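Okay, got some structures for you below.
One chain, subunit A, appears in both complexes that follow, with subunit B as partner in the first and subunit C in the second.
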Partner chain A sequence: MIVPWLTLVIAIPLFGAVVALPLRGVHNRRVGLVTSGLTLALAIAAVVLSRFYDLSEQVLWLRSVGAWYALNIDGLSGSLLLVITALVVAVLLIRSGLEPTATATATATERINVRPEIFTVLVLCTEACISAALLAADLVLFCIAFEMALLPCYALVGCWGGAKRTLAAARFLAFTLTSGFLLLAGVIGMLTAASATGRPSTLLSALGTVAIPEGMGRLLFVLFFLAFAIKGPLVPFHSWLPLLAREAHPLVTTVIVAVVDVLGGYGMIRFAVGLFPAAAAWAAPAVLVLALISIWYAGIAAAGSRHLLQFGVYTSISHTGFIMFGIFALTPETLTGAAMYLSAHAVSVAALLLVGTVIWVTTGTAHIGEFAGLGRRLPVLAGLFLISGLATLALPGFLNFAAELQVLVGAWEHHRVLTLLAIGGTLLGAVYVTLAYQRLFTGQPSPDAPPLKDASLLQRGAIGVLLAATLLFGCAPELLREYVAEADLGTAAIAAADAADAGGK
Partner chain B sequence: MGMNMLLLESGFTRWAGASWLVIALPLLVAAVLLSAGALSDSWGHWLGVAGIAVPFCYSILLFCLMLSAPEPFTSTLYTWLSLGTVKVGVSLLVDQLSILFLLLVTGVGMLVAVYTVGYLAHDAGRRRCFGYINLFIAAMLLLVLADNYGLLFLGWEGVGLASYLLIGFWQERNAAALAAKKAFLMNRVADLGLLTAIAVLFTQAGTLRFSAVPAALQEAGGPWAGIVGVALLLAACGKSAQVPLQSWLLDAMEGPTPVSALIHAATMVTAGVYLMLRSVPVYELAPTVRVVVVLIGVLTLFLGAWIAMTERNLKRVLAGSTMSQVGYLMLAAGLGPVGAVFAVFHLLTHGVFKADLFLTAGAITEAVGFNELRKLGGLLKLLPWTFAAFTCGYLAIIGVPFLSGFYSKEHIIAAAWADSPLLGVCALLGVGLTACYMTRLLLLLFAGKPRWQDTYDTDSTSDKHDTDDTADTEDTNTAADVEIRRTPASMAFPLVVLSLLALVGGLALNGWLQSWLAPVFSVTAPATNWLHFDWLSYTAIGVMLVGVLVAVVWYRKVTPAWFEEPVPAIASPGLYADIIMERGIVAPSVRLTSGVTWLEQRGLDSDAADADGTDGLWLGLNGVSALVLRLQNGSVRTYALLCSIGVVVVLALMLFWVWM
Partner chain C sequence: MAPTIEYQLLLPVIVVFGVAVMGIGAEALVVRRLRFVVQVVLTSAAIAAALLFTIRNWMDGDARTIAAVGAIAVDNPALAAWVLLLVGAAGVLVVATERISNGGISAFAAQAAVPPGSPEENTAENLRAEQTEIFPLFLFSLSGMMVLVAASNLISAFVGLEVMSLPLYLLVGLARRNRLLSHEAALKYFLLGVSASAVFLYGMALLFGFAGSFDYASIATAIAAPHSDDTLLYLGTALTASGLLFKLGVFPFHAWMPDVYTGAPTAITAYLATCGKITAAYALLRLLFVPLGALRWSWQLPLTVAAVVSIAFGAVAGLTQNDVKRGLAYTGIAHAGFLLLPIAAAATVHTGESVSDLGSVSVLLFYLVAYLPATLGTFALTLWVHGADGPDADLASWRGLAYREPFVALAMGVLLLSLIGLPGTGGFTTKLLVLVLAWRNGMAWAVFAALAFTLVTAGFYFRVLQAMFLKAPLTACPAVPHSKPMSVLVVLCVIITVYLGLFPTQAGYLIADMAGLLR
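Up next is the complex of A and B:
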């Protein structure tokens, strides 16, 4: 039985997108839900099967540069694949629940009624691109998927949202194009280096053995690093995201932050560190400082944020700091921790942003007031917000904590002062979550406030399942850790580079 | 006989192996109550009581089995997480120490739960409250059953969360919401200590298990035992409301009174002491840090007493008293193994009599509708039974001979004296202070005539700490016609049980506890003969009497006018703690936050059109794009030129790097 499972994971959403394109209304939504559900099921099947069989696929595609259509799945890409396919289902579920309440007036959250069928198509296309990027076992293929994801995302941002969505889309495009350009430059550099070996191949397995001179390696590393740092995003490269959060439709923000930005951390582990371990070690001190700045700066910005979705994305940037901190502490524990953090963070921030979406649509405003008293009016959403927030701040019991613990404990051995600063950064999570909760939900609602409709069963279910998953894995994180740690996280290469470094001296 | 023993022993291991159920059951109940919503409003509270009663019965059974076969038993369920070579297991340890905590937590927990059924009978959120209480019980049991610091941290944060939820139970009141946030944040600050300790233990000791850590730290040598000690102490200070992280406990009184009794008096605030007790061998390796533990204990002992002396709200007085008594526990825990045994002793008796006092306070609030001392008074005739219950707790806490507080405190004083006479004097002074502030409270509550009938402008004196404990705050200030409500049976029963325990608990535990805990701390602590006191005991009784006398002289006649007097600055209850925190930490953080927010918001709307220039990267990109646009002039020759220049540059760069 030869079934190209991994190709199917990519092809099914594309197929669904084509089917959904001419359909309208409820049929369109159903096709979207069925397709995303099927993709999730396929992803689960692929992950389970990959434990027993080799699912990798390889077809030579461009002989001259040695580019392959090569797919593979391991602990790192498998766990993230599960996360993003599940999140797409959640996003489409929430979206189908939003439909009846919206009217024709064009506020940011309701514009999605204009040509809503395209939304399904674009989200499915995005899903296919990101899955392809995660599964790609070939650098050129990854690069193509990475660039391709830009198109549906740009359309998503530009089509729906507030008055300044075109500005947001332009800025998103500028930053992401820059990121893509840097990646392309890096890939071309890598091709040049690989062609010097005589038998060029851009397979990751082959690239790992290519000997690259130190200076060249560092240059290429910087290109890859910048590309993924913008995608992440890390702090000085983040300014496209808060604007997008304010102007784009909240569901679009959710897709971009929780599904697309996963590639930032993933690329950092697999390519920036995986291909250039020595250069990564060389740059590590600077990157760790940058990560710390991200943790603190974005954390403080989240505490001061008065916009629901901006609050969500700032927490995301702050946690990207933790993820990068884990990656560039360059120990097996921290790399595993960072890989787990990627999954945990994507799920918890998606839950937070989805709760924010529902609140925004229900109340008609994303403003975070002061003692706004929403807890009385929306008790279930208040509870879901708090649980998502607790997951975000890495309360023990949630998967985020297990990941954070690995990062901090693993980093302690080599970077004591920096790790203490990062440990201090964990406090920020508590600050911004409790602050936001207090501002939004506590206090007495004004007596003339109209009654609001609390989260529907569908919305409760979609968000509840995400949170239950982080709780379940938080109580037994060893399950995930064993799976992720089986992947080649570059630790062997780092160790080899360390040894070479030590030998050189 | 031998056969019988064998049966008992295997019975113990079999039952102890099921100890995870006492965590799982309340957790499940909490999940049901919190997710079922209004569906469970009619029966949820009884399910909530059952969620604690079953673990209590289990604890008693386990305790009885253990009496005949006192062997510690560890059940490892699965590996929670592997950190390198260190495996953090979900392993539960049932030993002589944890079984006592199991009994205390579930016992007091069950009584408080029964009490809450009546106390919140008219509150729409009663079911939710029981959900939170069950969550708390589960987390607290995980905390005391964990056999390593990693798992303990899970329970540690769980009780912090439950405390946050319960303090903010009436979150419509701004004060409650702020108090909850403050408690959570101050505890998170403290948790940084535990996180650091775990990181250090992982790297330096290579284990997180209580039983293995001391030896591993000794082997590691260096300053590591001291660093771990300091980090753990920071964590304990937050959870147990010790100086300098004490101020959240006063504000925590915004929560429902039964919750204050359970969490903020009997169990959760002693979790920090529990951490110290489990870490006694670590502190043996770092004598200097041990001294710091003792000092913090003494400092809090006095500060708490000061707060209790000056507060003008019933619950906040009791909170100050809790701080002070936990200061005793901290002091004892810092004295080494012998002191640790007595810390457990006082922890148990304090848990009982302070719960009794808090529940009495709740009964008073329930009966009259408010709890400011300014308006209370003269309750002796109106609430004679409540008075009786309060008196039991009162006599126990001030240390009247033969009652529970006497034995437990006596031992701490003796141990402190043996360590250093100066410490002994401090501990003795604490006895006098305790007697003084408790007598003051007793007089203000029960002596004289009720003050609520006196008419005066209430608004001018209602300070911002108003802690009215009823949901309908507005009604309480029109106090001219206070109607005394009957205490329901569900509230009376726990009071009776706790009062009796407060009377006889010390006598029952004295002597037995010392030998029971001997294996845990590898030391046999001395027991006082219940009848023949030594000179130190007599001194303590004398100091206590002086304290009572001073309070009687001061507060014999209290008029409402007395409460009108402005509080002199030096007598402000928190001793500036809130002001220091506000000016020193909160205000600068707020400024920093608004600075960052300003920077970010400016960056948002800047585009090429209005280049006000904060977002450099975005502007840079715009500049580049303008440049690129200028180059696109449609001339093929220009493109070709640019293309070749580009290729040359790239090639040159690559050659340069390769060659280098």
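Up next is the complex of A and C:
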């Protein structure tokens, strides 16, 4: 290819960030929107073109370890790329009218004079890092992009939000940096294993053929698994997220949960399972139990949560548990289902969190107990909340349902009891969504409550399009399923490992 | 027969040493008004000329030999170390000529022996008297470093060590602000430093007792030959290595670093942290690989342990520091551990050459190439931000820097990220190489420990970053001064750091070729 499409997908947001840096006010927002829109268009173009041409790029980066600047796109990374580029557009759209500022609770010494325009810059940088991680066809490049995403996110959390945002940022940093260093340790181990072949290469295509001894494979798997379990996040590695949801600006929480944390599930499929199928099978029972604990624990926490955004992130943690369940059921059906669920989850939880953002900013509070009867005062937002809630709880018709069904059907054959428990967890979803809706929107508003401005047309449009997309793909899940299933999800390697296992017996 | 001296190969050292002698003459002959200018011109000319001669020798691929009757090995690693040292010295010179406080007074005391605030001090300040002897002292020290990194027998190593250290003991004590701290630092550095030299000397004697020669090649031969008693050899190895580990600042020889880093004038701290570490690392590498390479099974484990403990100690102790210079001293101990790892990995001891571009010598060089600009730039910016407050200013002067001086904060941010080893900076590339090398040589546990404690080190660096970017400035913060030469220096440091992080390909090729040790 003469046009480096995939590099452009990464470079355009960076370029936009540089352009947006000195601009103020509406110009800055426009640059942000145009750039993110352009990136989305490029991502769509790349996905379409990749069906006909080989878009992969490859330039040597560091000879001594065999690291390459190598990009490629397939069903798994392509679908997620579309999701995150679309979500960035939605976030930047919603942001119009809700300038991120330190909330009133921040005292004078904590309030720092960050220009709100920096928000655009940081979000675009984050988008570039995540796109690079998704498109990376080289382990070292993935690791670099994965760790680099930390910096703009840290700044996003630390610059805007409540009184304890610095603490939230520090905790986010500690967990994410740990995750990054675990990944780095895994990468170094992998490089060492690869170097035994003489001319080392960290291209994913080359790493697939490296023979790794069993013990080493398990060690490396554990490192990769922990890195992505923190990123996911999976219970018990999740404790940074609820604090962040309370303290950070809600749009920042949305970016981190829906855009950045996609890498957790993605990395789990592509690297932890894809590179070490045998070790994944060895660890699967334990991970399945962890996944179930995540589903149930986070589900119960969501049902009890009194904070709007915290409710949203607990939903997300519960779903991450479900995604991990699908991945570690280790069948082609469940892996495809989990990959689909990853996209569906990102979109639906983003819609839920964006509705939460708008409610928080319009009403000035995020405490669920203070909201009785909001349905009368904000009818459109109530409706959007309900629809996105229904999407997240996987009502038939939404993409989440199709993905969930795929996972459950695939897992049923191998793990009946665990699958039943997972089904129970998804029913829990119905409980917490309806509970939240009831607490927020039903009942009579107090008579002296001031009138509130309902969602603007722009906000309705942005959230509506996201929900429409999950509905569209939910009604025709084959579109996504076929595209995702084309990707190498490590299923061949798993089948081979299974066969070897069966042969051994 | 008269010994042959390869003057052309040794020209860089001779130039630096010669100009240092000229500088002493200039102190006596030039009027006070002009001394500063004359000394700065002389020093920069010496460094530039030495750099030029080094590069010319480097280009001439045949000019690799053990010169001066086996005393100085002018080989690829020595040339690379000379280039690094001279470039680092040029940067330090820029920092040293910076005039920070009270309308342009240099950071060095006019007369070290005069108590601060005394009438003599005021007279000196009114006369704008300055300590221009620092420049010849600096050049003497530099020439010692250049000899030490290339030393091919124990005598020249010891001479290099002393010529490097003696001026440094003086320079550390010359800070204008907080002079008592500076004096204390100088005394501590002197007492511990001479003990380390004595230990090195003792080790030399024992090695001589074993091999009957000071020559690196002869010692290697003696080890390879059949012999009955190893006691002298092992003791000598331990003692000579300890002397150099002291200069490197590795645990348990690190005790001088926090006080000296804090008390010394910032330019001298930068000099110790960059050129000092480069010298110690190269000297240790040559000592352990060339004469003592056959003993690697014996020194590998203790060195690895020392490296890991240094990384751990520097990380944990650095975490609670509030003074940035002191914090950088502790993280400097951690970096010393990282510098020790490639040596301890002992890959290709006998040739030094890289195997598929990855060998101890080339990885050490790469680490130093990335470490030099990051450290130099960090100390340069520290001088700016601490300004007249002197070395005991705490994190408060960094608060909200991003909203007062966005570019200074941004530059400091990039350099600190490189010191942590986050991607996009040279620190990541080189940390990756060091750790891959270590794991490949069977030190997986050291890799895990190093990564875990790097996480802890990041705590200190991120406290500075947090203060700069996420805290509101205090109202009493003094303005940050600016000067053109330092701005250029800092910008260069940032560019090199980012370049090595994003496009290390070419640098990797170049550095892989600079690994062959001559014996």
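Heads up, the rule we're going with is that the second predicted complex is superposed on the first by the 485 of 505 C-alpha atoms of A that agree within 3 Å, B and C clash if a C-alpha of one lies under 4 Å from a C-alpha of the other, contacts with A are read in each partner's own complex, and residues count from 1 in each chain.
By our rule, a residue touches a chain if its C-beta (ideal position, glycine included) is under 8 Å from a C-beta of that chain, and two chains touch if they have at least 3 such contacts.
Note that the structure is a prediction, hence the values are computed from the model and not measured.
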| field | Which superposed partner A:G383 touches (first subunit B, second subunit C, both, neither) | value | first
| field | First (subunit B), second (subunit C), both or neither touched by A:A468 | value | neither
| request: State whether A:T178 touches subunit B only (first), subunit C only (second), both chains, or neither. | output: both
| said: Which partner chains sit in contact with A:L408 here, subunit B, subunit C, both or neither? Use first/second/both/neither. | reply: first
| Can A:A449 be said to touch subunit B (first), subunit C (second), both, or neither? | neither
| request: Please work out whether A:V26 is in contact with subunit B alone, subunit C alone, both, or neither, and reply first, second, both or neither. | output: neither
| task | Name the chain, either subunit B or subunit C, that contacts more residues of subunit A. | result | B
| task | Scan A:P477 for contacts with subunit B and subunit C and give back first, second, both or neither. | result | first
| request: Based on the superposed arrangement, let me know which partner A:T192 touches: subunit B (first), subunit C (second), both, or neither? | output: both
| task | State whether A:M148 touches subunit B only (first), subunit C only (second), both chains, or neither. | result | second
| For subunit A, which residues lie in the overlap of the subunit B contacts and the subunit C contacts? | 170, 178, 188-189, 192
| request: Going by the contact rule at the top, pick out the subunit C residues touching subunit A in the complex. | output: 354, 356-358, 362, 400, 403, 417, 422-424, 428-429, 432-433, 435-436, 439-440, 444, 447-448, 451-452, 454-455, 458, 462, 466, 469-472, 504-505, 508-509, 512
| field | subunit C-touching residues of subunit A, taken from the complex the two chains share | value | 60-65, 108-114, 140, 143-145, 147-148, 150-151, 155, 158-159, 166, 169-170, 173, 177-178, 181, 184-185, 187-189, 191-192, 195, 198-200
| In the complex of these two chains, what residues of subunit B are touching subunit A? | 34, 37, 78-84, 150, 153-154, 156-158, 161, 164, 168, 171-174, 176-178, 180-181, 184-185, 188-189, 192, 195-196, 198-200, 202-203, 592-594, 596-597, 600, 603-605, 607, 615, 617-618, 621-622, 625, 650, 653-654, 656-658, 660
| message | Under the stated contact criterion, what part of subunit A meets subunit B in this complex? | response | 164, 167, 170-171, 174-175, 178, 188-189, 192, 213, 215-216, 219, 236-237, 239-240, 242-243, 246, 297, 300-301, 303-305, 332-333, 371, 373, 375-376, 380, 383, 390, 395-397, 402, 405-406, 408-410, 412-413, 419-420, 423-424, 426-427, 430-431, 434-435, 437-438, 441-445, 475-478, 481
